[in-house]
Structures are given as C-alpha cells and as structure tokens.
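After this come two complexes, each holding chain A, first together with chain B and then together with chain C.
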Partner chain A sequence: MKGVGYPQSAGPAFEEQKTLVVKDLVKHFPGGRTGLGIGAPKQWVRAVDGVSFDIAPGETLGLVGESGCGKSTIAKLILRLEDPTSGSIRFQGREVTDLKGQELKTYRRSVQAVFQDPYSSLSPRMRVHDIIAEGLRVHTDYSKSDIRVRVNDVLTLAGLSPDVGRLYPHEFSGGQRQRIAIAKALVLDTKMLVLDEAVSALDVSIRAQIITLLKDLQQELGIAYLYIGHDLATVAHLANRVMVMYLGRLLELDESVEFVRDPKHPYTKALFAAALPSNPDDVSDTSEQPNAEVPTALSPPTGCHFHPRCPDAREHCSTQFPEEVTLSGGRRISCHLYPSR
Partner chain B sequence: MSISDSDSPLETSQEIRQGPKDEGSTSDLQEQGPTSRRARFRTVFGFIGQLPVGSTLILGTLIFFAVFAPLLAPHDPIKPVEGIYTYTPAAWKDGGSWAQWLGTDFLGRDVWSRIIYGARVSVIVGLTGTAAAGAIGMVMGVVAGYFGGWVDAFIMRVVDAWLAIPTLVLAILLSMTLGASMWNIVLILGVVYWTRYARILRGEVLTLRERDFVKLAEVAGASRIRIIARHIIPNVFNTWMVLASLTVGVVIVAEASLSFLGV
Partner chain C sequence: MARELLKVTDLSTHYAGFGGSRLVKAVDGVSFSLEEGQTIGVVGESGCGKTTLCLSLVRLLAPGAEIVGGSIELGGRDILQLSEKEMVEVRGKEIAMILQDPMTSLNPVINIESQVGEAARRHRGLKGVRLRDRVHDLLESVRIPSPEVRMEEFPHQMSGGMRQRIAGAIALSGTPGIIIADEPTTSLDVTIQAQYLDLLRRLQKETGVGLIFVTHDLGIVAKMCDEVIVMYAGKTVERGDVRGIFSAPNHPYTSALIRSVPKLGSKDPLYRIEGQPPDLSDLPKGCSFASRCPIADEHCVSHEPPLMEIQSGRMAACWKAEENTMPEVAS
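So, the complex of A and B:
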C-alpha cells in the first residue's frame, strides 16, 4: 500500500520536526505451523499490514479499532518489544527499527509506555520508589539523594505524595497504581509516551482524573502521546488526531477531532454508532451496525477487509483494496466510496 | 494523595491504649515510659506467635542438638566407650545400663551420642544440599524460562534425561567417582535434585516474562541480567522457598541412604 495521502515532499526536514514517523509498517506473526512445529509456518497473521502515520511533539494521536486490529502490536513495535517484518519507524529523524545495544538503550530513554493493567505493570516485590527509580539507575549515575529528589519530583507531577515511595504496589488502588506507572514513565527525559489502553481498566471517575493528569502533563512537558483505546469518548477528549485501524490496516486518519462528529469511512461510522449515547433517548441508527463477526487476521477477507460487514459494499470492494485518498482538510481514508482522482 | 495519613496499625492501637491515660490512674503513668518498648515486644512476640507450634518445636530441638552437640553428647561419637568394645542393648533391656541408655553399636560407640552428632550432619547436609540443588535449579530454570527458544528446549531435554535416571544410582555413581567427603556429598545431592526446581521455576518465569512490569523494565532499558535479578528472581522466590522446604527432607533421607550404603 503506497501512502498516497502521505506528503510527497516528506524530506528529512519534515521528519525531524516530527517526534515519530511511521511508514509502511508491517508485522506478520507466524500462524499455524506444520505437523511437528518445525519448518516454515503455513500461514501468517497479518497483525499490522502497511500502516503509515506520524506524531508531532506535544501532540496526541488517538488510535482506535476493535480488538485484534493491531493496535497493541503497533505499540510493541514502537517500543521495540517486537521487531517489524518490514517498514520504518523514525524517531526524531532516526531510524529505530534496527537499533541495537547502546543505541537502543539511548532510544529507550526517550520513549516510555503506560499499559492497560495497573495490577500487572508494577512489580509486586519492589517498593514504589525502586519501581520509579529503575530508569534512573539504568541510564544515569545519579547518587542516592539525586535519585530520591527526582523520584519525589515525578511523584508530585503524577499527583502523589512523595511519602508513598516506601510503600509496595499492593497498598494502592487501581487509579493510584496508574499514577505510579505514569510517574515511572516520566522519570527520564521522556519525549514520547505510548499509552496502550492506559485508562481502560479504571472506573469512570478515576478515568477522568487520569485523563486530566495526562493532558496537564502533556502541556507542561510537551510530550507526544500515542493514545491507544477503544473508548471513543476518551480518545476524542484526549487526542488531537484520530486514526482508525481494522484488521491491521489503516482505514481513516483525521487531522482533527472533527472526525468524531463526522466519520466518513463506513467502518468508522459503524464503530461510532456502536458506542452508546450518553442519553438513552438518543437512539443510535442501528442500520449502521455491522452484522457479521470480525474476521480473523489469519485469513482476512479479500479486497477491502471490511467489505463482508460493510453496509455500503460494492462489487469491487471484495476484489480490490482501496487506495488511500487524502480528502480536504487532510483526512486520509481508504474506501472505494472515496475514489482517487 | 491521601496515602500518608493512614499509618501503621501499630500507632492506632497505641492511641487506643493511651486513651485512659488522660484520667491519670497510677498504673498508666508507670506505663508511660516503656510504651514503645512494649510495642516492640508485641511485634516480636506477634512474630513468634505466628510460628506453627509443632514444627517449630521439632525443628528447634533438632537444631538445638545440632548446635550444642559437644555439650550435650555424653560420649565421643566416633570412639568406643571406655571398657565397652562390643554391642550393648538399651537401658530397658536385659543387660542394658543407664550409663549408655540407648546402648552401643557393635564397636561399642554410644548410640545416643551418635544420634546427637548425627543431627549436625543432617542439618548441615540437608540445608546446604538443598541450597546447592536450589541454586543450580534456579539458574537453569530462570535461564530456560527467560531466554526461551533453543536454550529452553535444550535445558528441558536435559531435565527430562536427568529425571529418567534413578536418583540414588546417580548419587552412588557420582560419589564413587568424586570421592565421599561431606562437601562432595552436598555437591552430589545438588546435582541430583536440581531438576524439579528447574522445571517448576521455568514455568513460573514463562508467565512472569509476559507480565507488563517485565516488559516495562525492558522498555526502561534494563539489561537482561538486571531484569532477571530485580524482577524475575524476587517474584519466583516464594515458589523457590516452598520447593526448598520440601527438598530438605528428601535430601536428608538421600544422604542417610548413601551413608547406609557405605558411601
């Protein structure tokens, strides 16, 4: 998939302005293997299949999609927890997909993550102080008192009292644990934060607090966020731009949150219609609801992956994957309803 | 946040006890000084109170005899009792005497003294043999579980092969080749019994490796050694302890079997 909507003049200058530039990213996992579990896999799971996007400093890119659409795989690829099959990830103009050793360590100073489950993301056998200080101990030769000062700073930033450093994670609630996870992510000179469903596990009132905290921190520190979520209201609240994925492919990326009010792609429309309205009398239009089950990424439908569920599917939708088109306002979309010129 | 204001339950109970002090009764005034000492005493006593009584008594007796063997044993365990160079029965049997109340063995050595000194060997070999097995098993299990791939496959096949060999036969073979000093026996017991640790810890590590905090440590740039030392091992330590407590008895019996077989 050639990035048609991608700025044609994407030279080095453009890339250096951006915190992160991802181009034609592909990740295939081996699917079922032959009898003995050795040899080449029979089929591949196309978790991410040619996705391009970028994130500017101080900006939040929202990434939404159903379970299994490749959202978390993208997070893992950016964090270098997985290696991409092909494609490029550039961080501040530098290619990061082939970093090793010391260079990879340097990259890890700048890119941190907050994960979904606050009960799994803090080591139960370490005190909060040590959990947060880990990055400093790995990357700097700070003295004990320097570390203490810095840890107390980030605890305060995350809205916690410095006294909590001596406690263990089990003494905290989910929201407080997520604050600790955020503090941990900020302890080094973080330039980008990958928030993989960072608030999905929290209850609604706590969720609002954490979202507000994240917004404040972004304003204060100018960090770029990649916010992954399936809660559209939260994404719309936090993100400057939103992108929608379906079965490993990018379907729609909008340059503004306008998107949420005016989805163009039939899948996006369906996704937004599926979200419950805040007022139960605002009955959503059920005609937009997709009927079939989500196909598996092991054997995605031919042509446009969405066509079996699409209310507007045409004949050629099942044979041809739509070219990506840039609409007015910078919105990128892959759908035959919006033909390329 | 409001974590700091909920302090330890110890202070709360002190407040409750300080309650009647305001009324100024003399007994409470006397208590005023040593309150903290009493609190500390309570903490220590609370710990002792949590120990299981039966097993503590048995283990305590064993360790007591092992430590103070020279003071408690009436005779030298290795030399025959003066004047007796043959088997004598226990005190309550015909021909027994209370001077050697459990009797002597065929060489005239006092059985009671030998039991007391035997506790030493059992405790030392039991603990160090277990530690040796646990150390080997911990390294193998953690390495197999954390690195995965062919390393994992290789170590686990070695474990499979190891488990197929009868333990006592292996122990006898090794002690024949290495010679049978006490520390050799410890090493041999370690080499014989490491497999169960490796198996079980590997499984634990496999699940731990997928936990988010391990991934975040990787994202934070921590080296593999650091992740293993700071994140993996502390989290499998409980399992390790339980396994170790189960192994001590097995190791003592194995050591006794070896010594019975004359190794």
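So, the complex of A and C:
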C-alpha cells in the first residue's frame, strides 16, 4: 500500500489486510468542573478529535507531537485502557471499541505496549521470569515447563540471557529493563506493539541498541508498530510513515522519507526548524519563530488550532478548520494552504 | 583573548558508597577553563559524573561526597579554600545554576517576584522600586508576557516552558559571570526547547556570561557550545572545539556517540555501543571504555591512557587516538 492515504470507501478486503484501521476516533474528557467537582462538566477536553489512520502488518507508523496533542490518549484508546467517545478502531477487520469480557481478553493478547519508563513499568517485587510469564499464565493453559521454554525464548529474542529470569528488575540498567519490557510484550502471539516514547528515557548509546532491536524484531516477526515520540529524528528513523498531531487533530501524514524531504504543514515545518542539529554546521536560528506556547486542549483556538502560532495564517484560518485533503503522492494534510477542490 | 572566568584543574570528587566500604570516583581529574562569553558543553551518559562535576563547581554536594583534589579558580582565588559563609557570596552572585526540572526547582509557595528578586536583593543590595524594576526587566529579558501581572503569580499558574524561563531569570538575577545549566531543556517540548536555547544564546551575547551546559544530547552541544568535554566513567575522554570534534573525533567513545544518534532523513543503521558503562566503584585497570571499544587491544585493557594533546586544542585519552579508525556499521 505504498504512498496511499486512507481511502474514503475502504472495503472489507482492504481492512483485513491492515492490522489496525482507526476511523474518526474521538475522545473527550470532562474538564473544568465547577466547585466540588460534582455535576455536569462545564467543558470538555478534546484530547483526540476525529483522527483516522491505519497500520499494515510489519509496518511502523510514527506519531509525533508535543505535550497535549493527544498522542498518549491514542495509545490508551488502542490498548482499550480508555473508551472512545466515538469513532471506530478495527483490528484485523474486527471492531474492538465494543469488545467485552472474553473477546476483549483475546484482543489484548494481540496488542501489547512498551512504555517510556522501564523503572516504573516493571513490578519491583516480581522476578523477571514471573513478569514475563504473567501474560502466559493469564491467557494460556501452558504447563510450567512450557512457560519456562517460552519465557527463555523471548528473553533470547530480546537480547538477554535466559539466566536473568531469576533476578529482580532493580538488578538491571535502564536499557536491559526496556529489553525485559519488550520481552514481556512479545510473549503472547503479539500482532501489534504500541511503543509510547519507548526509547526516550534511555541513554544515547543504549537507545541505538533498543532501536536496532525493535527493527530486527519487526523484521523477524512481522508485527505492526505504532511508535509515539517527540523526537522527529528517532521517529523518522524508525517509521515507514509519520503522522503529526496537534491539539487532538491530525495535521499531516506521509511516508517518512517524503515527509522529511518535504514537510508541508506550517506546524510540521516549525517542528523541523526546532529539531536539534546533528552537526554544528547545521545550526539554524529559530529565534524568529513565533510564540511557541501551545494552547491548552481545554479551550483550543477556533478554526485551525495552529493559527495563533502559524506564520502563514490568513483570516479564514481562525474561523474554519481546514478539511483534510490527500495530495497527489498520497500525503494527507489539513491546512488552508492546501484547499480541497 | 577573552577574559578567563573559571579555571578548573585536576578536580576529583569521590563518594563513599555502600556504607563507606567502596569508593565511587564520580569525577576523576577533570580540568578545563571557561572564558567570558564562551559556552562549554559537558556531555556524557547517566552516571558519567557530569552532574557531580556541576555540583562540585558550586560546592553543593550531597553528604558523603567530597572534593578530594584539584582546584577551582574563580576570579583569582581557589573557591575550594573558601569558608561556607564565603561560598554563599559566590553562589548566585558569581556562579548561578539552572536545574533540569522547573517543576521542582521553583518554590511553589513563594511568588515569582520574590523568587526572581532574591539574588538581586541579597547580592546586589537592591530594594523597593529598584528591585521591582529589576525583576520586571529580568522577566522581560526572558520573554515572559505581561511581567507586571506574572510577578504576582505563583509557579503553578505557568506552563513548563514559562517556568524554565523563570528559572533562567532567577539565574540572571544576581548578574553572575557564570551560569551552569544542568539539562535545562530535557522536560520541555521541542519547539519550546528551541526557543529556550535561542533565548540563552541571546542573553549570553548581551551579558557575556560564561555558560557550562551539561547534557546527554549531542544536538544541544552542536547547537549551543563552543567547546565540549566528553565524559566517560568520571573522566574526561575527549575535549576540544565542537566543530572539530563533530567532524573528526579522536576518541572511539565520542565517535560512537555521534554515530549512534538518528539523523533526520537518514535510515542508515545506527552504530551500537554494546554493553554497559562500568561500575564507578570498581573501574577496570586499563581504559574504562576498553570493554566496549571496537578497536581496543591488550595494551588498552592493561594500561590506562592519560589525557594527551593530540593536536592543537584537542585532548583525548586514548592510546589509538591518532589512528582512530572506527569500523563501519554493519546492518
């Protein structure tokens, strides 16, 4: 599906080829309650506001954006840790937003997550073997010896020695803990991993180890990744396609090579301008950047959310949200500079 | 040549770890000097001693840590010889600090005016209207919108980026010659980070303040610094001009660090430094990096390389610095 955006009339055949298809996803949280915090909320935080995308098997979709853009909410919705306000999430062709009980449990076998901080995401009271085996104990009827074999397999897969199973998380460095978290996420028949800033907390030299591990595992196992991050260079390096969100909305999406070569949305351009140089000779002066303060999602600006910070904003940008268009070549973009026909 | 602000010679700070049974050499023989208007980057990974180095410079070490050797010359005197009372006059007035996390480094129950004004009052003797004007100017210089309103407010009423700019105003308040910034932008969003870094550069141009920038991020070094000190396991492994080091590093660790960072637009495989940094209380006999180094040999494992001048202005602690030929990255 190279270079093809989300088709408006996607048939079932298309959806079955994809690991995940998200359509018009919306999540509003109650915010700014009055007085004692009881009664109907005064306003709603539009954390995710009509976002559509898909991920194919073996593909990495990168999701970039700054604090409050809704990227972690997207992760929680996909993992069914939060229920969406509206919209659909289809996994291998099946709607998952209304799954309950046994069906939800089955879904959770296939979709796993690795979080940013390997210090708080692993139980300090459990041995590594038990941390990893937990999923097997909950979801399968494997015997003790089968569990041992499988745990040893995934430890090896994650680049650890099977001997480490008897140790506790505090005996490991950050990078090794992240390997444990990855092993834990792969122990069941995982089809998709949500990687929420999975390398951000690691040291530079360790980061490269984990990035390479993730790429190798994907090649070996063919699983789909949703990689969420704030560092453009890392996201673009890992992902086949990259999408940019701002205050709950998707602004731009394209293949990562194209995306880096030619960012089109003014916000994406601002993100590129703000990215740190990889060499002292590439230093650009960003001091002319307009106000960098991100408005709150509780009362986002009217029209295009980015217009108060946008150097190219015109009058109607403050009143009308731009319709998303798909440009030739497949780029999806929401910006009045690229009007729909 | 610009005026020298600070000269650190052979500084060593050790911790008595594990109940005093083991010695942790967090900083071991670090030397550098800082000139007016110059920015020095201290780069390294967690546990390399960069934060201990900063805290040593202002003598704010945690109990159990001790500066065991070397000197820190500031304005012609060694601040290691000063009494604690004299040190109070140095902190904030001659050397100020900006810490990593603006959520915890500001006092939540004191308003912005008092926090920003504290050093100006304490060290520069300003009061009343003049103090208020000074705070107003400081807030303006760090681009806080409507300073007269913001001064009355408290930290929780501000965003992360604004708080970090307040922390910058506090550091400038006593008009110090030197500001040490320890990972000041790690908790900020990318666009806010870029804005903050530009702000620091502009303030430096205006005031000639010397900056010591501690970071794990090579991008920040590339953007901000004139000179860089690369630390590994408590020691300086390489030191020199930033451009020179980025284009032709002499130490394999520096070279590996630069090549392990994803570059925008490149899908080339990253260089992986295998293994872990060594335990600072149980350092190997030879070069600390030898076990992870792709070009190390027996001599490296048994003999510790001193910091040697490789070319004019460039120091590296590596036996093979001159022949540093790192292998290609295997995909």
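To be clear about the criterion, the second predicted complex is superposed on the first by the 328 of 341 C-alpha atoms of A that agree within 3 Å, B and C clash if a C-alpha of one lies under 4 Å from a C-alpha of the other, contacts with A are read in each partner's own complex, and residues count from 1 in each chain.
Methods note: contacts are C-beta pairs under 8 Å (C-beta built on N, C-alpha and C of every residue); 3 or more make two chains touch, one makes a residue touch a chain.
What you are looking at is a predicted structure, and each value in this text was computed from that prediction instead of being measured.
Peer 1: Evaluate whether chain B and chain C can sit on chain A together after superposition, giving fit or clash.
Peer 2: Chain B and chain C fit side by side in the superposed model.
Peer 1: Contacts for A:D146 in the overlay, against chain B (first) and chain C (second): which applies, first, second, both or neither?
Peer 2: neither
Peer 1: With the two complexes superposed on chain A, say which partner A:G135 touches: chain B (first), chain C (second), both, or neither.
Peer 2: first
Peer 1: A:S120 contacts which: chain B (first), chain C (second), both, neither?
Peer 2: After superposing on A, A:S120 lies in contact with chain B but is clear of chain C.
Peer 1: Examine A:D189 and indicate which partner it touches, taking first as chain B and second as chain C; both and neither are also allowed.
Peer 2: neither
Peer 1: Going by the contact rule set out at the top, does A:R109 touch chain B (first), chain C (second), both, or neither?
Peer 2: first
Peer 1: Which of the two partners, first being chain B and second being chain C, lies in contact with A:L160: first, second, both, or neither?
Peer 2: First partner only, chain B.
Peer 1: Which partner, once the models are overlaid, touches more of chain A's residues, chain C or chain B?
Peer 2: The larger set of chain A residues in touch belongs to C.
Peer 1: Look across chain B and chain C in the superposition and give the shortest C-alpha distance you find, in Å.
Peer 2: Scanning every C-alpha pair, the shortest chain B to chain C distance is 8 Å.
Peer 1: Show me the chain A residues, by the header's touch rule, that chain B contacts in one structure and chain C contacts in the other.
Peer 2: After superposing on chain A, chain A residues 176 contact both chain B and chain C.
Peer 1: What residues of chain B sit close enough to touch chain A in their complex?
Peer 2: That would be residues 1, 3-4, 211-213, 215-223, 226, 230-231, 234-235, 237 of chain B.
Peer 1: Could you pull out which chain A residues touch chain B in their complex?
Peer 2: 79, 81, 104-105, 108-109, 111-113, 115-117, 120-126, 131, 134-135, 138-139, 159-161, 163-164, 167, 171-172, 176, 179, 181, 184, 188
Peer 1: Okay, in this complex, where on chain C does chain A touch?
Peer 2: So the residues of chain C touching chain A come out as 45-46, 159-162, 189-195, 198-199, 201-202, 216-220, 222-223, 242-243, 246-247, 256-257, 260-267, 269-274, 276.
Peer 1: Looking at the complex, which residues from chain A come into contact with chain C?
Peer 2: Checking each residue of chain A against chain C gives 66-67, 173-176, 203-209, 211-212, 230-234, 236-238, 257, 260-261, 270-283, 285-287, 289, 292-294.
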